[in-house]
Every structure is written in structure tokens, then in C-alpha cells.
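Below: one structure, written as C-alpha cells.
First chain written, first letter: the chains are A, B, C and D, and each begins at residue 1.
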Amino acid sequence: MGNSFGSLFKISSWGESHGGGIGVVIDGCPPRLPLNEDDVQPFLDRRRPGQSKITTPRDENDRVEIISGLFEGMTLGTPLAMLVRNKDARPQAYDEMKSKFRPSHADYTYQKKYGHRNHEGGGRSSARETIARVAAGAIAQKILGMEQVSISTYVERIHDIQAPNLKDIPSLNEIEASPTRCPDPETASLMEARVLEAKKNGDSVGGSVVCRVNGLPVGWGSPVFDRLEADLAKAMLSLPATKGFEIGSGFQGTFLKGSEHNDLFENMGGEIRTTTNLSGGVQGGISNGEELYFRVAFKPTATVLKHQQTVDDEGKNTELIGRGRHDPCVLPRAVPIVEAMTALVLIDHRMRHHAQCESFPFQG
Amino acid sequence: MGNSFGSLFKISSWGESHGGGIGVVIDGCPPRLPLNEDDVQPFLDRRRPGQSKITTPRDENDRVEIISGLFEGMTLGTPLAMLVRNKDARPQAYDEMKSKFRPSHADYTYQKKYGHRNHEGGGRSSARETIARVAAGAIAQKILGMEQVSISTYVERIHDIQAPNLKDIPSLNEIEASPTRCPDPETASLMEARVLEAKKNGDSVGGSVVCRVNGLPVGWGSPVFDRLEADLAKAMLSLPATKGFEIGSGFQGTFLKGSEHNDLFENMGGEIRTTTNLSGGVQGGISNGEELYFRVAFKPTATVLKHQQTVDDEGKNTELIGRGRHDPCVLPRAVPIVEAMTALVLIDHRMRHHAQCESFPFQG
Amino acid sequence: MGNSFGSLFKISSWGESHGGGIGVVIDGCPPRLPLNEDDVQPFLDRRRPGQSKITTPRDENDRVEIISGLFEGMTLGTPLAMLVRNKDARPQAYDEMKSKFRPSHADYTYQKKYGHRNHEGGGRSSARETIARVAAGAIAQKILGMEQVSISTYVERIHDIQAPNLKDIPSLNEIEASPTRCPDPETASLMEARVLEAKKNGDSVGGSVVCRVNGLPVGWGSPVFDRLEADLAKAMLSLPATKGFEIGSGFQGTFLKGSEHNDLFENMGGEIRTTTNLSGGVQGGISNGEELYFRVAFKPTATVLKHQQTVDDEGKNTELIGRGRHDPCVLPRAVPIVEAMTALVLIDHRMRHHAQCESFPFQG
Amino acid sequence: MGNSFGSLFKISSWGESHGGGIGVVIDGCPPRLPLNEDDVQPFLDRRRPGQSKITTPRDENDRVEIISGLFEGMTLGTPLAMLVRNKDARPQAYDEMKSKFRPSHADYTYQKKYGHRNHEGGGRSSARETIARVAAGAIAQKILGMEQVSISTYVERIHDIQAPNLKDIPSLNEIEASPTRCPDPETASLMEARVLEAKKNGDSVGGSVVCRVNGLPVGWGSPVFDRLEADLAKAMLSLPATKGFEIGSGFQGTFLKGSEHNDLFENMGGEIRTTTNLSGGVQGGISNGEELYFRVAFKPTATVLKHQQTVDDEGKNTELIGRGRHDPCVLPRAVPIVEAMTALVLIDHRMRHHAQCESFPFQG
């Protein structure tokens, strides 16, 4: 359980770090969407390991195969299945982990929950699972893009190196200019140095990612439990290594008074807009037409190349040296994943909104 | 859509601020649980308006009626329906809101999404809807309590008045000692003054709530999308006025290095524990037996008794004076609501865990 | 669990035969639908007991209250809750059933499953629960009617008295002309006599109901698991006392050869139609624009006023005399219930179809 | 949508007749189940084409690959994905179907619903999709078998050749002794001749399948919408070519009176049993410990090798000659599919029952 996401554009993810591969099925993809593997591959390329010197050297080209749901270049409306085979697996690198639990990884909790686990590369708990999300998200993003909804995601802080606030939304090119995916060049180079330093020391660093969505119409999202921000929060906290989520003014906004925090409405040239946007683009769980923006906290990678105290599967105290390839900082590779999850949340709410509020004659 | 929560202990919430009432149906409540209205009422009393001078004076006694699912003092296993009638409604107080959109409320987004809304007291977007959550959560908490899982929730900060970190979990009595629900007496009285000051000025303040869960066994939660923290994040961001969620070390933890952040395992007298708990009680989305703790940000109440610029439903710029009864600070009343949502997330994962991992003979 | 139906127009049903009442919540009802209690009450009146001398004399007027989701005569798009209070309950009539299990009722299975039951009138297993379905179905039918989809349901057979095949769809008036709800007057009077005879003997009879839907557009329904006929079969077999379902040619059609059974396509004046309709209006689980028709088998009422062998809750062999008010034949009252469930299935598939296949620009 | 089944043991099916292959993901499979491909392959072998002279000659060996969810011979509890590649596809055989709609197939409805379809072999509407169900059902059956629940399915009638009622449940060997899967040898040889005759004439025949489940404990199933028989009815009507479902006494039982139809309870040597079983093993939607049995109607295969009138995708009247490989009778191959769907329904209800009714201390 827990391996599906969405209600109308529903994805089911499967696969382990070291095994046959990673796959995803989308049930509910609209028919007649022009599509082929080239729409998906670039997103996986942004996520894949080995793309720069600040990411893990594991060499996976992560070629996606669309096995079903597509015919003569258009989606069929029936399930779209995608598969990425695992290639550069080195299960023997994980022999020590067979019996020893890595600190702050899921080895111990999986073992206790299921009584059995695939210890190679973390098995199902590996971030390699996010391939499924990115592949599905690529298709959601394609559809959203056709409706002028654009999602811009970038690294805002690594460790204590923080980019200045960006008034304008950076372009994809600006974001991709640095391997850190921070669009501010000066900050980016400081960040890169910090990551390399951590890497050299066998250590790791965390930080925060910002996501900004523009072009959202008013009305997406649901009241009560499935508020847009609630589904986004779930989407983000479902990502490996995330520890926090805030939307709009977030934690900082709670230091303001109501009179300072409220976003006043104003008719601006015929359009109802707000003069400020501390709400972050949602009110009552529903998009209000302003920029939707939120921030996600990623902890420092749990894998460090140091001696660490732990216990083994017989409960004996022991020691473990982190080995294997790893990312000294997950933030850059997290960017396309955050983007993908955002797209999946949005497409689902779009479809729900249309089904209930825009398809009946009396709603004219 | 969006008015149900949970998969096995599933609740469906309904009702508006001013109308027949607020209700909830629980489908999946275990049979044979000893229960009556007295198990639920105290939780609603902690949530209800008018309980102290720092909450809204709206006078609702919020008496719950259990209409179905109960027989001779025990649950039947079939749907448990609860109803709280609205009493002290003053719809006329909202006449101005019929055509004017209150800033940072959901009036505008509901109007645009649905093309029709109940403007009285915010209708469905009113926090009065949380009655449904608290009533259902009370039952979840009763069951969890029977399994030694205890949830402690309290106000940690109002505006910029922050309580010291509490090593020990405060008792319910300590929390309830102040109308602020901050268990540190000194901080509590400062907070109270701050809220009253805001009230006097027709303004409002926000802050943060902390939730700490003890007694959780190892193994609750699911991998990938339904991680315990993901479902908690969704639960919290589904609450009115929330802007952020963080678990364990949260945003602050991202300033640490991996070597500083990892929670080392140790066999402590036969039990596998971690020497620190920056993870916040979960690893890979699954409880690890340590204290589960998280923090929620609540913005300052949007209703302020001041002149505010806005637009009306014809798109004309206008002004609005907040009127009606309101809470100058939602934090104290948010405490039982956070608790309820936490209980609902936990009971659901408990049932899922048992169904899959603890009921088959080969799982011995 | 098991008390919700539908995915986009989702209903949650609750309540027992003798207790506070029966209720239903609809989540997903489209906003801006003109509605009031008068749209629902006539459907409940067709279902209610005591409506004729061939139904149970239990005197319930079953007045519906719409408690939420409605404002100034239009739906809000948020949950629509309806409540019917129980009135003429005579729990003492069921004293004997407290310890004795009625044959072919659910007393025994509920007791064993849940370890606790409300024995009064069958509790949750009572057909009184179908009030929830009829109330929700009334709203679905109103919407479908606005889209020219009409559902006609009638009794075709009681015991061995079978109506001739009706080429034309009977009007509601023709169906309602007889308390049997068989639109063929001659057959109806024979049926009525048969039911009264069974009643006089303290016995009961069963039969079959036919449902015919016209005006369905091509394209509603889903492939694989959620075929239209699959969801209809589930809907029907979820009704108390049903033992069978067949669509189109049904069981009889399996005596034909493929060459006899196929429905040939023909362009009839610009419209693609089939020359026969053994398929019953669906192909591959999706409506094909022809009349959708199916048949449901209802067993004879389990309550008979005779001595019957049974066991008590201590497992001792004993005897029971059926008492209490009951229907000697459920068929007439089943008609509006079958209609309601059909409407619920159809509205859900309509919304799903629009969400996926008719709302995107590239589907033009 | 519509490609998932089950709530706790949830399967997602994907793939088309001619394309990459057919696959299925199981989310919710219990961990620690000993498993490998050999547990699944025999079930697929019973379903596969080309297994006898009365089935289609399409030559697919349908080898299953378990790609995820398995490690060192035991299930992990995380998603179990299985893939069967398509081999002997002859898309060119379907060229005529590219523009012409085959009568009583889903070509027309898919085209109208989705605006695009894979015409090769029926694409997603092909019965080849049932590979996914059989593969998943094999695992469900393995688990149920470990709990002494056994499912026996066989062909009872082909065209008008009907087997006598079998008091004893036939063994798998007896069923498999004939390619017809009718366990009565005399009837089986008549059936075989009838199928071959139809085949010779380019025609097809239908019939009925019976499924009998033994060893079910009391208490599986849910009230109201998810009755055991409701979920079974849905499961069966979701199969290609099915037109009817009846449980227990079915349509015939509606010719009896209540006094004849009721199943009387009796304490038989300490066990509560019923003296007859017209209910078919369920009461109020919940298993009562008696044999669960039901019957499914399969229409004659729509593909016949004859000239048939139809229309093309421009709406012009035309003619079509059925070509390609096909089954003159689907019944024999339907047997393992009915079995699989039954197992999937049962395992899901078992898990739900345990989660709600058997895991809490107060249910002792």
C-alpha cells in the first residue's frame, strides 16, 4: 500500500534500486495527447545520477520505454506504462548493509515492518524510486504546459548558503546553468564549492528548494481535506529526505499580524488580483490566480563516508562505514522531482475541477 | 470532493458554519469499542468557541449526538454518524460579505470555483467544519490510548513569544492550565497578554503548535506516497490557516551536515533505539519507535476588525470592515484539532499495517 | 467499510432500522444545481413502507431534511447531507431476535463478523438503509434528466407471473398505476392477487425487475474493471435480497451462436446504430448509444410468519416465529431503489468521462 | 481510469493485445510470502492461447517475469510487478479493422470515447488483458490456499449442452482432464464436438461457468455496497464476454416462496450450519461458512469468420469478414480467469476483515 498517487490522473509506482527496474503506470491519462519517449527522457536526464561532479557517480542512463497506452504517437486514454531498467547496479557494495542498519536510512524500519527487505541500495526505499514520479510528472507537465501553466523549481539554499529572493521567475536555462540548479550564478558557485567540500570530507549537506507555479486559473483545489496546499504538502513530504514544507509566507508569516498578513483584493484593469501574495496563491485550499509558491526542506544525505555507530539485525552494537556511491547533496537532483510531484497534484485537481464544476449545462 | 479522509478508518465530513449543522460519518470504526457521547464531548469542548476570553464569543455549546453505529454502549462496526447542530448563528452579521470578498478568506475562490456560495460565516470554508474532525479524532484517540499511544499537543509560539523547549512531555492538565494551551506558565501569560492586545486593536496573531506522539510501535506508515510524515503533512495543511509543517529537525535541520544529523542506532538494554532523534520518529516514512514530533505554522486570523480594501462580486473596488465574532488567535483552539488529525492519520496506518503485515500465518 | 459508493459523485450511507435515522452524504455533487427537498421526497415516497396493501404496514413518512450543501435553492458543490429520522420503530417486536438468528437474514453473519449487533429490525442490514440510496439517486436522476437520460424501471415478474415483453418503454404513470409497479395491467392484477395470497399465508414471493435507460450518449463507462455493466452488477447485487443480474441477452443469450448474437452496425440516417441490441447498450464496458437494459433477480422475502427452525446465540437449536411487519414481496418497493442505483452509476461514469476525455483542448 | 481493482490487495493492470506486453502491479501483497515465477506460470498456462485444438492458435507462451517486490524467494511487501511480453503478434491481420468496426466488439465504443484506438487485436479491449488478472490472482490463490480456502471453477454448459449438477466439488485434475474444462467426461466430449462444429462453421458458442469456494470462514464481506456478492458480480461482469451473474439460487430461486427458500440454521455437532444453501454462502453480504457458489454467463465469441454488415470510421455502411485467430468458445479459457477474479475479491475482503474486526484488543 502507499504506492499510488492521485485520484483521476492516478500513478502507481513500483521497483527497487537493485532489481529489474523502476516502473510507473498512469491510469487516467487523457487520450489524444501527442506523446513519445522524447517528451519524458529530458526530465529523467535532469534527475539521473552521474550528471555532474556534485552528484553520485552511479552510471545509469535511465532510458525510458513506454510499453503501453500509446499508439501512433498519441495516448490511448488507457494505462500508460513506463519502464526504466536498472543497469549499473553493484549489489556487492551493499554486503555490509545486509545485516547492519544504516543510521537515518529506512533499513531498520523496513526490516521491522515487513520482516524482510532488499538491502541492496535501500531497495524500495531508495530515491531511485523517484524515476517513476519524474516520468509520470513529465507527462503531466506537458499537458499543463499546453494550458499555459508553468512550474519553475530551483535550489534556494544549500547548507547556509542562501540565494537572494528572485522577483522574476528564472528560466529553465538559468536554472540549468549551474549543476546546483540555483539560478543565481554567484550563489551557485559558492554552493558548488560547499558541496564539493562536503564530498571531500565524506560528509553531506541539505538545504531548501523553491517551487513557483504561474498561469494557474482560479478554482483548482478542493475544500477541507484535499486543499491544494494539503496535497502539495503530502506530495513533498512523500519525497525521500524531506523534513518540511511551507506555502506562501510559511513559518515566517506567523510573526506578522493579521492586518499585515492579509492580501487585499483589487481590480487591476478588469482582473481581480491581490496587492500582495502572502497566501502563496491559494485561499481556502483553492487557487486564486496568483503565483503559487512553496518551499521544501531537504535534510543532508544520510549516507556519509564515515565510521558510524549502529546495530545489526541481531541487535548487537556495531560500526558501519558508509560506502557506495552517493550524492553529497540531494538538492540539485531533487529539483525535477519536486517539479514532477507538483505537476501531478495540479493535473489531478484540474481534472476534478472540470468533472464537478465545468462540465454541466447548468454551470454555464 | 475532498471531504473524506483516511482509507480504512475513513471519515466523511459535511456541513456549513450557518445551516443545519456539522456532521461526520466514520466508516471502518472497529466494532465492540465501548463508546458513548461522553467520550467525544470533552474534545469538542476544548475546540468550541466561547471557552475563554481569548477566543471568539460565538456561543455554541456544540453538543454531539451519535446517531448511528452505536448500540448498547458499544460500536457496531457499521458507520458511526455524529451530528452537531448550529445554534448561535447570526447570518445577518454577514450581510456585507454577501457581495464583498473578505481578504485572505476563501470567499473569492469559492465564488469563482463553484459559482455559488453560502456567505454566512464562510459557509463550508469556516473553521467550524473542524468539529467533524475533532469528533472523529476523539474516537481514534480513544482507541490509540487503549494501545498506549498518546498524543500531546500544545502551543509553542504566539506571534514572537516562544516557549522554551520542553524536554518532558507536558500533561494534559499542564496544557489546559492556560487558555493559551501553552504549558509553560510564564510564556503562557505573556502570550495571553499579546492575544488580548491584538484583540483590543481589532487585529490578530499567529504562531506555531507542536505535536508529540509517544508509545508508537515500530512499523506504522507506508513507503513512497503514504509515508507517515506525508499523511501528517497533508492532515495539517488541510487545516484552516496553516502555512507550514515540519517534522523532526525540520527546516533548522537542513543547516546541519549529514554527520551531525544522522541518528545513530544503539542497543539500549535490549531495545534498539537511536541516540538522537532528529528524524522525528520516522525513517523512510515508517515509525521507528522514537517520539514522533512535528510543528505546524498557523497564520494570523484573516478576520480583523479594520477597514480593508477589497472588491465586490461585480469586480468593483470597495472597502470592508471586518465584523462578526472572531478569534484574535486561532492557536489555542487549534490544539485539539491538530491532535484529532494526528489520531486519524495514526489509526489508519495502524489498521493498514495490521491488514498487510501482521495478520497472515507466514508472518509469524 | 463498504458504506461508500462512487468515485466522483460519491455517496456515504449510514444508519440503522431502529435508531436515530438513516442518512447519506454526497461528495462531488455539482454546484449550481437547482434543488430542494421536493426533488427528493417523491422518490422516497415511492420507496416508503405503508404505501399500499401489498407492502409492509410500518408507518414511516420518511420526510427528508437536506442539512447541508444547499443554499438559496442551489447546490453549493460541497457535501450535501440528507437525513431521514426513524419514527414508527417498535424495537420490542424484535425481542425474540435478540438471541435467535432469523433464517436467511444477516443476523448470524453480522453477529459473527462484528461480535455485536443491533438486532432491532435487522439494524444496519435492514432494507431501510436503501433510503440513503434513493435520496442520493433522486439527485443523480435530476441531473441525468437534464441531460435527456431517462431511466425506466418496472416489475417484470412476481413468482411465476410474468409480464409480456414491452417493446415501448412504459411511462412513469403506467408503472405507478398498479401497486405492483408492473406496467401491464392484466399481469399486474394477477401479480397483486399472488402477493396477497402469499401475505395471507404468512409467506412471501420474489421475482425480477427490469431497468431500461434511454438517451445515453456513446462513451460512458470504462474499460477493464469499471465497465458500465460491472458497476451496474455491483450496484444491483449490493441491494438486499438480490440474487442475480443480467445485461442485454443475459443468460438466454448464451444459447445463441455468435452469428446470431452479434449486433450489426448500420448507418441509419446519419447515425451509427446497431440493427439488434443483444449487447444491451454496452460494448467493451462502454455505452454504445443504444438502449441500456438489464434484469435483476430478487429472492422471496426472508421474513415469513411461520415456525422456522434455527439456532440461538448460544448455539442451541430452537424455533422462531417470524413476527413484525414485513413485505410479502419486495419487488414493488425495489423499483425506485434499482432506479436510484442505476442513476448513481451513470452520473459517476459521466463525470469520469468528462474529466478524462472531454475537457482538454487537444481532444477537440 | 478503471484499470485498478481491490482496496487493500490492489492490482493495476495495463497493456494491449499488440504492443509491448501486458503487466500488472500488486500493491498490498503481504510480505514474507514464499514466491517465485513457478507459482504464477501454471495459472497463465491454463489461460494461454494455443493450449488445445478448441482454443485460438495464437502462439504465445506468455512467460511471466516478476520484476519487483520479490527478494531471495520471498515477497517484500512493496509493489509486486509482473510483465508478460507479447510475442506472436500479427498486427497486419487487423488492417481491415483499422477502419471498420467489428460487430459486438469494442472497436466502435473505444473510438468514440477516446477519439483514438489501437485497432490491432482490439488493443486494450482484448481479452489478452486478463493475463494481468490471472497473474495477480495466482498469488491471491496461493495465499488463500495456505488458509484452506479453495476455489473450484469449471464449465457447466456450452451452448445447450449442460453438465449434470455435481454434488461433490471436482478436483483440478478432473477439470483439466478435458480441454473443455467440464469435469463430467460424457458432457465434456459432447461439448468438445459442439465447439469444433462451431469452429468448422466459422461460428462460435457461449455458455456458463460455475465457481465454488470452500473453506471460507464466517465473516468475510461487508455490509451495504461492498457485499461479497456485489464485489463478485462486479468482478465477473468486468470480464470480457460476460452477460450475467447469479449467486446461490439465482434467477431460479425467485420462483420459490420464502418458506421454501430460507436456509434454516442447525447446530450440527457443535458447528452452526444451514440445512440448505440457497443463499450460496452469503447472508447480508457476508460469508456464512457454507459453500460460496455462483454462475457466470459468457456470450458466444463476437469474432466469427463470416461476412457481417458494419460501418467504417467515416460512417459508411460496409462489410467485414472476420479474420485472424480466435476462440470459437471462450469458456474453457475463462475458467482460470473467473478463478483469479474470485481470489482477488476474497483476499481483499479477508484483509479488510482483519484490519477492522480482528486486530484490536477489545475484540478478543
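The rule is short, and it goes like this: a residue touches a chain if its C-beta (ideal position, glycine included) is under 8 Å from a C-beta of that chain, and two chains touch if they have at least 3 such contacts.
If you're wondering where the values come from, they're calculated on a predicted model, not measured in any experiment.
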Path length in steps (a step moves to a chain that is touched) from chain B to chain D: 1
Approximate Å spacing (C-alpha centroids) for the pair chain A, chain B: 26
Centre-of-Cα separation between chain C and chain B, whole angstrom: 39
Between chain C and chain A, distance of the C-alpha-averaged centres to the nearest whole Å: 45
Multi-partner residues of chain D (each touching 2 or more other chains): 1-4, 7-8, 13, 28, 31-32, 77-78, 113-115, 124, 223, 352, 356-357, 363
Chain-level touch network, classified as line, ring, star, complete or other: complete
Chain C-facing residues of chain A, complex: 7-8, 28-34, 77-78, 143, 146-147, 223, 351-352, 354-363
Chain B residues within the chain C interface of the complex: 1-4, 8, 10, 12-16, 19-23, 25, 27-28, 31-32, 65-69, 71, 74-81, 83, 113-118, 123-124
Contacting residues of chain C [partner chain D, same complex]: 1-5, 7, 13, 101, 103-106, 108-110, 112-115, 124-125, 129, 157, 159-160, 198, 203-208, 218-219, 221-227, 229-238, 240, 242-251, 253-267, 270, 272, 274-275, 278-280, 282-288, 297-304, 306, 308-311, 315-317, 352-353, 356-357, 363
